[in-house]
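Labels run A, B, C, D and E following the written order; every chain starts at residue 1.
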Amino acid sequence: MNEIGLSHILIVSTALFFIGVYGFLTRRNMITMLMSVELILNAVNINFVAFNHYLYPDKLEGIFFTIFIITIAAAEAAVAIAIIIGLYRNYKSVDVDDADQMKH
Amino acid sequence: MLSGKYIALIPLLPLASFFLLGLFGRRMKGAAGMLGTASILVSAMLSFYVAYQYFFVYGQADGVYRQITALKYTWLPFSENISIDMGILLDPISVMMIVVVTFVSLMVHIYSLGYMKGEERFSVFYAFLSLFTFSMLGLVLACNLFQIYIFWELVGVSSFLLIGFYYDKPSAVAASKKAFIVTRFADLGFLIGILILAFYGETLDFPTLIQRLTDPASSQLIGITTAGFLGVSALTWGLVLVFMGGAGKSAMFPLHIWLPDAMEGPTPVSALIHAATMVVAGVFLVARLFPVFAISCPVALDVVAYVGAFSALLAALIACTQTDIKRVLAYSTMSQIGYMMFALGVSGYYAEGGLGYTASMFHLFTHAMFKALLFLGAGAVIHYVHSNDMLDMGGLRKHMPVTHITFLVACLAIAGIPPFAGFFSKEEILTAAFHSDKTVFYVALVTAGITSFYMFRLFFSIFWNKEYRPHGAHHHHGEAPFSMLAPLLILGLCSVAAGFVPFGNYVSADGSPLHTEMHWDFSMLPIGVALAGILAAMLMYRKASEVPHRLSNAMRSAYHWSYNKFYIDEIYLFVTKKIIFNLLGRPAAWIDRNVVDGLVNTTAVVTENFSEAIRGMQSGKAQGYAIWFFTGVIGFALLFIYLWM
Amino acid sequence: MDFFILMKSELILTVIIFILLILKIGEGIRDNAALMHIANGLLLLNFIAGFFMNREGALFSGMFVTNDVLSLEKNILNFGTLLVSLQAFDWLKNHKHLLEFYLLLLSTLLGMFFMISSQNFLMFYLGLELSAIPLAALVNFDLERPRSSEAAFKMIISSAFASAISLFGISLLYGTTGTLDFAYMADYLHGSELQLFAFIMVFAGFAFKLSAVPFHLWTADVYEGAPAPVTAYLSVISKAAMVFVLITVLGGLFRDLEGMWYNVLYLSIIVTIVVGNLFAIRQQNIKRFLAFSSITQVGYILLGLSAGNETGFSSAIYFLIVYLFSNLAAFGVVTLVSAATGKEGIDDYKGFYSTNPMLALVMALALFSLAGIPPTAGFFGKMFLVTAGAGKGNYLLIAIAALNMVVSLYYYLRVVKAMFVDKSESPIAKLEGSLMSGLSLAICMAGIIVTGFVSGLFEYIVSLFIKV
Amino acid sequence: MSASTVIFYILSAAILGGALLAVTSRKIFRAAIYLLFSLLGIAGLYFYLNYEFIAAVQIVVYVGGIVVLIIFSIFLTHEAGADMPRPGRGRMLFSALAAAFALILTLMLINRQEFYPSQGAPVEASVKNIGTQMLSLTEHGYILPFEAVSILLLAAMIGCIVIAIKTRTKA
Amino acid sequence: MILHILIHVPLVTALVLLLLRDPRQVRLAALLGSALQLVISLVLLWGYRAERKAGNTAQMLFESMHEWYPSLGINYHVGVDGIAVAMILLTAIVVLCGILFSWNVQQQPKEFFFLIVFLSAGAYGFFISLDLFLMFFFLELAVIPKYLLIAIWGSGKKVYSANKLALMLMGGSALVLVGLLGMYYSAGNTFDLMKIAEAGIPPGLQSLLFPMIFIGFGVFTAMFPFHTWAPDGHSSAPTAASMFLAGISMKLGGYGCLRVATYLMPEAAQQYSWLIIVLASIAILYGAFATMMQKDLKYINAYSSVSHCGFVLLGIGMLTTTAVAGAIMQMVSHGLMTALFFAAIGMIYERTHTRQVGELGGLLKTLPFISVVIFIAGLCSLGLPGLSGFVAEMTVFVGSWQNPGAFHRTATIIGCASIVVTAVYILRALGASVMGPIRNEGYLRLQDAAWNEKLASAILILAILAIGFAPFWLTDLVMPDSQLIMNKIIGGVSP
């Protein structure tokens, strides 16, 4: 299983990262934006795990970081969704472009 | 004794009078005039005393009149050797001048007691007169080139204040402004001249300066003659510029335009300032620096001569056609000062060569008497007629006999008829010119003829000619009160007697007595010319006739040029209105509002527009923000990883 | 024992959180005012405790570090929170979720404490999120106002994105150095291109929190939408915490990359100051206006940091104290006005001086302090920042910064003009603030006036830095 | 090409494909499902790297928690069936280009980076090890983050409740 | 010690003002405070002269120094030389008179007097500071009160003017700040003026910093082309503020140009002197010509101030002892004269409600006292001997002329020429407004100056006369110090 090098995994994670970014920048639904954030976070997770696995297996820092990121992602998603739903009650829309009362 | 302490009182008394009258004069009412007169009286007495002491007791050393610095305080130190000092310098001309100034001033003070009686601003008038007298005395006593400038400005402002005395008359206001601004312009030259002389002479002190600039071996003289600008030496520049200041104050062409207008002031003022004293300050200034002019810089002296001669002729020509009696007198003043100037201009320094100098000073002296007399007489006439225009006059000899006689005396004096004062001084001037510069001599001779013509034109128009018919119903007191007549009589006396003073004994270029003799053979020509002028005037104006009218029609264009003062005023008007205001002032104001200030405002507008332009960045849409964020990261990355390392 | 002393601020704060939680669950006290007094009292306690037994030390293998400077920083944050809490009195006294407010507020404060004490990216990240996520909920605390939820959404989504991007940077840093510990990581940061890229991503996260341009765009909207005390908290406390982290990070972790980060800061300073100013001059809402003004202030703080030495860091901390007083004074007035009348437009402040002279004076002094006008402390603060920033000899930067003070004066004067010069048909009526907000304003005023003249504070900070 | 390589490519395809579809699909519900696939793929990757615990956490938290949360919220916002609005063409183009550019840039930078593996003995990422370290006070202990994150969760919970209460009272 | 009192009296007065409620008490307190300040200034003058007579040759007298921010090298370091004493005296006189002229302010008197007193504190502080930080502190201290005074109590387009003034002055001080920081680091982390002077600044750096500092201070002194705040600001400001602005505030700039820019950076001063001279010459002549076209009395005086402050810069740029002394004297003289001018305009405006030259006329008849006052101010402005303007201008001219070379000569002649233009515009303005026939019958019922106005005018006129009649005491005061500055400039040049 060692023939898959670190670089392959990094390519996957980086690609995933920018796919997430792309989604975040283009999705107009708030919930899908949130989903894009999750993709980005997962890309980061892959990075941490991969680095830990391939380069620094003597400690578990990457692994722990990943665990905490997952936890925080959950908390963040929960709060975000609560806010989005609250917003939805007010604006009757989850289109991000509709929430632009405050600008300039 | 020639102690500076009491000599200083001569100018300081009028100054004190000025402050007292200025601060408390309103409450004094009539007493104000008495106070002013009293102070000047004391000054005059002191002056006479000083003159006596100087000329007869202390002034001479080894037969030469010395320059005595009686008092000197450092007033404003500029640098180690250049400072403005306040002091008193006694020499023949300054002593002569204080006598003239205090005497004429005293006469005018007395005269004004009657003339200005009942004026609302009576005390102010006396305050200003005192200010003027103080300034003029300070000017003539100055021991320092800059001191003279200071008092020069002060007499200017006194003149301004007095010309504008009737401040609610727009013409008076205009005239006072004109007088001040024209002389200011001339003073610009004076100031720069002072700067040049001070820089190279390394002193402002008169005796030292003159000594340095006349000693061919002095480093200062070498410095100032070798330095130059536009091919003319710095000394010439300096002296010519100083003369420019003198020319402005003395109403020499082309800076004379203010003088006729200055007649808007009360007549006693015209007599004092614009006839007897202030206007001769220019002559005095040249005389003060005469050694430098004569010894080191004849070129500058030539300038003085030609400007003087030309002014004398020009003024005489203009005077022939003016109808305002004070203006006629003003032009005559200008003309006579022209005489004094060119007399200085043609003079040499040593011994007999210095005849012009003596003559000039002599003429200054006699002119002060008879011109003051003329003005005061004219004032009496105006006081009686309530008009300046000679067309409103005529036949006044019956109404005002004293004035008539004294005026005649003055006219004869100015025309140069013996034995009146003017004859002697003019005689000397013509002699000096004859020996030095023939052109100037002929100009002077012609001018003498014209002078007597227009003076008698004036005389006859006022006192003879048609019968006097007061316009309007209101009439009138008799001849002027005693306070006005007394000065007329005294001055009339002086106009006769002054000519007999052996002037050359006391005042000469190099200080040693100069013996002058009458050359009757030479005098015949000028006397003849003067008599011819009188005769012509008598023929034309003794009786009301058509002759003058026909003559003016016959020489229409010449008449118009003369009547319109050769259009010099119009040229000035063009320069000031069109060039200074429209080409400099207006653009400057416009540029300031629109370009310079516009830039400031544009900065603000640009900032605001820029702020408006980037408002789209803050679109209110969260995704837009994220795009900026991401672009920012990428941009920073590119910039800092690839470009800026 | 060390553990208790070194972590005393965090521990006390945690205890406070739990006391409040118990109060919430027990529903023992229903009087809002009393609860607030309790909370404020406890915060005050923590503030006082922060002055004693400060020691230098590290716990949990460097995940938690403390020293005198960090203790001071925490105390500043604690004090600011106390002031905000005092100011919130009028707004909160009838609010249903008072204790929740405090719980969330204090957890964010705790997060900041962790964040500035961390010497490890993991703890840093946790502190960051702990200070960010509850804040989003706080922003949403004006439950009836749609703008409040819009602001909360913008905040959470932007901060999620920002922290995700900086996490990617952290992961790359981890990948290139093999550690999350600042102390070790610094030894392996030599400025390879990937590390620089990672640094920029991490920096973007910092800049986002600091509202440095172009990562600032959420700021104005969130400030406008959030309840005024929360805005105050956001603009002062959370920003200050981030600056403190930046001090640690720039001076420690990234010290070898100084050549790099100086340039990054250079550019950020210029665009932050300029763009913040340009936006501020055309704002009509006072909170939005203060948002952009605070963006500009960040530019100046970064200018001080860019010096990268003790002077720079001390002056940044000093400025933050001053800024805390000034901005909280301004927000204190804004809170009062908006709680009483709901008015938030600059034009609403016309004639304010005629009806509320004291408040107008407070506001004016606060704005002058923000503008850096003597004799307010803001002048000193800004001068020190600029002085420190000039240490690198970059006069262009200093000139731009100095000239932008002119622009900022323009918009501060707009508000002053509205309050003092303009007349209004219907000025804001005479306001009766509570004692608490009055107290907080008085403290702020005293701070604005005294902090500059009394050099002790600044010298104290410098001495702490020298000691560390 | 060994089996492991094949598995890796399959997993990568699942991850990236799922992610791509999740960010482009116009049906929001489908997008959520694609996301689920992607997340599962990542869990697979963790398995592939022998990190069973992480994989488990990934599945439990993401698949069991977040995705479910997302799906719930999709239902709550009544948009499950409808097509989502298209993003603006300009924005899409710009984002795609920017993302692609950044991807290339990043990959290039990663490619040029030299990594230095540590020489120490590997620690097994077993549940036991992770558990011990998580609650350990000593070197390599993660008790502090653990406590911090628990407060975070508490705060998040309170925040959610506050915001949710409002919806309840309104409803 | 006396300097501490000097700086604390206005501050204490300001505080007292805040505590008082009755407007009468307020103005009385302000008056007493400023009168006390004048007394202190006179005592300072006396003390200074006594010290000098006793042979104290230290550059700065009454020096005192306390550490303030030692880690940044910032000290509370104060001291005065003759120049500073002269400026302090000027400030005391103008402030006292400004308060007297504002005696009847109706609108918010408390705030008004507070701001005036506060402003004066800034000016005093500025002049006594020997630490550049302190100096800068006081420089900026005065900006906001000016803004408020104009914006609240002003007339016309007051907000625009106030904004322009505040922003341009801030811009100036921003430039100053940059320069100061450069010096700070170059001299080894100190803001101390004397230490910086001692340490010297490398010429290369000087040529970078000098323009910044000079232009920065130049803005304050209305140097062309950064003068446009002056006309608008002066004309919109209330009387006392105009007096302060033109009388003192503009002098801060001149003082700074001299004390900070020129003194500390001698090489650069020489390097840039031509530029200063060019700008000053432009300001002198251009300001004068622009004045000619103004119709509003305040604008006339404001533009003429631009022209007159040009003399200050000309004197500084000429770099001779005499010229520098002249520049300082011009500052004092212009401060007094322009304050008097603005006061007179204010008195006229208060009565006639117009400042347009065309609408006034014949005031000499109805308002003799005020007319005389404005006349004296005008005559001083056009440089009449016996009044202060002459003394100062002549010193500048003589000093300027000491430079050989056509360039300096031309500039001097331009300066001299402006006195003619000055005469033109002053006489035009006065001729039309004070002299001439009465244009408005209503003016016949006007009340002439009240006691406070008479007193204040008298004080200012006395001061003007004191310089005009006896300039030597002022020269004694400033000449040795200008000599010192010049010695540094000439001595500082590497051969």
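As a convention for this text, contacts are C-beta pairs under 8 Å (C-beta built on N, C-alpha and C of every residue); 3 or more make two chains touch, one makes a residue touch a chain.
Predicted model only: the values in this text are computed from it and were never measured.
Think of each touching pair as a link: the shortest run of links from subunit A to subunit E has 2 of them. Using CA-based centroids throughout, the chain positioned farthest away from subunit C is B. Taking the mean Cα position of each chain as its centre, D sits at the greatest distance from subunit E.
Taking the mean of each chain's C-alpha atoms, the chain closest to the overall C-alpha centroid is E. Distance between subunit C and subunit E, defined via averaged C-alpha coordinates, is recorded as 42 Å.
Taking each chain's centre as the mean of its C-alpha atoms, subunit A lies 5 Å from subunit D.
For this pair, subunit A with subunit B, the centres built from the Cα atoms lie 96 Å apart. For the pair subunit B and subunit C, the distance between mean C-alpha positions equals 77 Å. The multi-chain contact residues of subunit E, meaning those touching 2 or more other chains, do not exist; every residue touches at most one other chain. Multi-chain contact residues of subunit A (touching two or more other chains) are listed as 10, 17, 20-21, 24-28, 33-34, 50, 55-56, 59, 64, 68, 72, 75-76, 79, 82-84, 86, 96, 99-104.
Residue positions of subunit D with contacts to 2 or more other chains are 91, 95, 98, 102, 105-106, 109-110, 115-116, 118, 140, 142, 145, 149, 152, 156, 159-160, 163, 166. Applying the touch criterion to all chain pairs gives A-B, A-C, A-D, B-C, B-D, B-E, C-D, C-E.
Residues 67-72, 74, 133, 136-138, 140-141, 143-144, 147-148, 151-152, 159, 163, 166-167, 170-171, 174-175, 177-178, 181-182, 184-185, 208, 212 of subunit E touch subunit C in their complex. Those residues of subunit B lying in contact with subunit E across their complex are 74-79, 82, 84, 146, 149-151, 153-154, 157, 160, 164, 167-170, 173-174, 176-177, 180-181, 184-185, 188, 191-192, 195-196, 198-199, 229, 580-581, 584-586, 588-589, 591-592, 596-597, 599-600. If you check the complex, the residues on subunit A that touch subunit C are 10, 17, 20-21, 24, 30, 33-34, 37, 40-41, 43-44, 47-48, 50-51, 55-56, 59, 61-62, 64-65, 68-69, 72, 75-76, 79-80, 82-84, 86-87, 90-91, 96, 99-104.
Of all residues in subunit B, only 623, 627, 630-631, 633-634, 637-638, 641 touch subunit D in the complex they form. The touching residues of subunit D, when paired with subunit B in their complex, are 91, 94-95, 98, 101-102, 105, 109.
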